[in-house]
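Order of writing sets the chain letters: A, B and C. Residues in each chain are counted from 1.
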């Protein structure tokens, strides 16, 4: 085949395959979003309802604003009082604080390793052990330890454990940004009289500002979505959104798809937006220095 | 005037500042590990009293756990689940990365949409797929388009189908993860060796196997290791969709461990199993990190700048 | 076999950037042709089109009288040495060199023999088991050469292969390349931005600028008979002195004036009156003490003396903003600030019109003598 004919065929095939995966990626999200606007009659029809008609905001009122659901034949009402707004507040505080703490510590650590080899880079790899271990494995003793410390179901308890488990990511990600700043700049500043710390804050940090923001958002996504530890270590006071959402299922013996979806939207759409905002930097979160930047 | 302050080679204040939180974190976690061992060696059932009054039983619980059939089956399921989903995400992720490596109009758009599955909260994924896989749901409807008659598979009611569904859902969730890692690797690969191979007469397949793949090995290994370990630990989707069912068809280690500790309240048993898993996964992680380090070192040698 | 012909070759990139504009060129079999010019002139793009790594927007490429536009790079029977060498970093030197034969399914015994022969030819035999990351610049260079040599192509393409080397190494490798060409008698197409390299290596030089070919010729033709200001200025180290002014004719006696500065012209002078750039190479100027006997065209003052060993460069202020550079023998004695008299070799003067093209006196063809 001529070269340009082959190129054209390749282009159409590529387009087709990518579009196929696009649909596959989007379908579940689409379904979740549209179901949130469906009246209960349209939740489990055959054939399934692809577009709510008429669309309604009832599900949002019920889940987020505590309205009572209108009784309908064939639909079981939720039996537990949920408090999504409280859970939302908890998530914001816990995830937010853990993020800031984790990034601050990780940044300092990254700077130390990158510039001054306070511990060899190899040791930093060992931090990953912490991260790669399945949380379930330490969940039991952790809960007992926390119960002894009376940290269960508290903000500070959750913040501490979330910080500890995300420091490796924060450190590796910020390190990849710091490594891109040539050391000569800080050395020039130091020769002109700045202390190491001063050079760091006035030279390096502004240069990697967007990287730090990206790291924060990345860690935020991780801490916000975390489920297992939140499940076993929170009950009423510090319960986060993912746990609240899962309790919803347990509470209702039927399947309240519309309400579920309305809550899900609140839980997950912000993260999707954040993720898309930092999509250029996502990869740095888990390449741990293995991918060279050209 | 030159100030005669001593030069602190290793960073001094910075060192303390950066390492202290780390040390504190480690200190904080030590009791956890000690407790783990303690619980493994003692028989404790939660509602009978506080943990420090449990009876010492030595390795009895440990041995029981090691030989329990349900535990071993759960282990097997975890590994099969992790292996299959890692394989699938690797193939799909590589394919997508390969298609996206050259810039073209709309590439950024595809990329942004493709990462959505990996950004979605796992519990939400659980619920959403529950809806999709419902017998009268959209997936069955779409499948019915390709086959005469209606498909009414009970995806989550049939043991094999349920397991397969979990593997596929996991694949949907994490293919973008593998994709972005491999794409970054592909894009940062120097293109001249590929051109040199072209000029030397290599076919596209030969270029792929002789030049591209070897150069991508570190990245591929990274993706595989990260994905496999995370798949072993996967809990929210399992708990939300199947809770280990139907029966024990989708009961993986995290699910079984959770059940044992929090629903059956058999804490010691759960602790013992956790400990076994910790040792097992710890060994895997040890070798994984060693491999990654070795890859990184070979990368450094490969791309060392030659003197000009 | 081994000849190259480019017909109406054009390469446009997205955004309307024209890298190569309507180029025609014929290269004979066995020639060493150098494409030379400043960055962005299109020389590398042209080379890559010959190699098949870029597709021409328009035009045809013939290698050995075969139209190769539709042929993959691997099918064109060419060898290519990249600027950054492009060695396979994960393979040993042996595997790098043996890659070509491996692709052509040469059997391992034969392949080993070929690799060792070539390795000996470029003198890297002891390095066969090393990785590219462990080699020095010069060694890596040789491996890159060996990798292309082993396939015995009918055309060698080299894209600024020496520009990453330090000066001394560059001269050594240059001699190596020259030696290879003479030994193999194959066509070489060599791209560089270094005019000295072009002059040393080429049978013919192709001077390119902004996607166009300004001039094609032997090194001596390029040097002594440039077609325009750019070519004249590009070649020669130190570069040609260029003086802007006008030519006048008074009663049949031509002269060159720039403000107060006057030089009377003898020899063949183009039939032009008006703005002109006068060119004279540093080695065609005679400098003597002020007031010494001999021809004198004008006076000047020495602003800088640069001894180079064999020669001395004199920077002369003749009344204009720019200084002239003259080359004199190394044993002579000159002081900064001294006044000197300068005599120009009249048959070595170059005249360039306002459009920068060379103005030739009627009937005269400049030769090397």
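Miscellaneous remarks
Quick note on the criterion: a contact is a pair of C-beta atoms (placed from the backbone, for glycine too) under 8 Å apart; a residue touches a chain by one contact, two chains touch by 3 or more.
What you see is a predicted model; the values in this text were computed from it and never measured.
Judged by the touch criterion defined above, the protein chains are all mutually in contact, each touching every other. Pairs B-C and A-B differ in how many C-beta pairs touch across them, and the larger number is found at A-B. Inter-chain centre distance (subunit A to subunit C, centres taken as mean C-alpha positions): 58 Å. Separating the centre of subunit B from that of subunit C, both taken as means of CA atoms, is a distance of 57 Å. Taking the mean of the C-alpha atoms as each chain's centre, subunit A and subunit B sit 15 Å apart.
Annotation for subunit A: no residues touch two or more other chains. Taken residue by residue, subunit C touches two or more other chains at 72, whereas all remaining positions touch fewer. Across the assembly, subunit B contributes residues 190, 303 that each touch 2 or more other chains.
Taken in their complex, subunit C has these residues touching subunit A: 55, 70, 72. Partner subunit B is touched in their complex by these residues of subunit A: 14, 17-18, 21-22, 24-29, 31-32, 35, 44-48, 50, 105, 108-109, 111-112, 115-119, 122, 125-126, 128-129, 132-142, 144-145, 160, 163-164, 167, 196-197, 221, 224-225, 227-228, 231-232, 241-242, 245-246, 249, 255, 257, 260-261, 264, 267-268, 271-272, 274-276, 279, 282-283, 286-294.
Listed in rising order, the residues of subunit A touching subunit C in the complex are 2-4. Partner subunit B is touched in their complex by these residues of subunit C: 51-53, 72-75, 78-80, 82, 84-91, 99-100, 103-104, 131-137, 140, 147-148, 151, 164-166. For subunit B in complex with subunit C, the touching residues are 190, 192-193, 195-203, 206, 210-211, 214-215, 217, 298, 301-304, 306-308.
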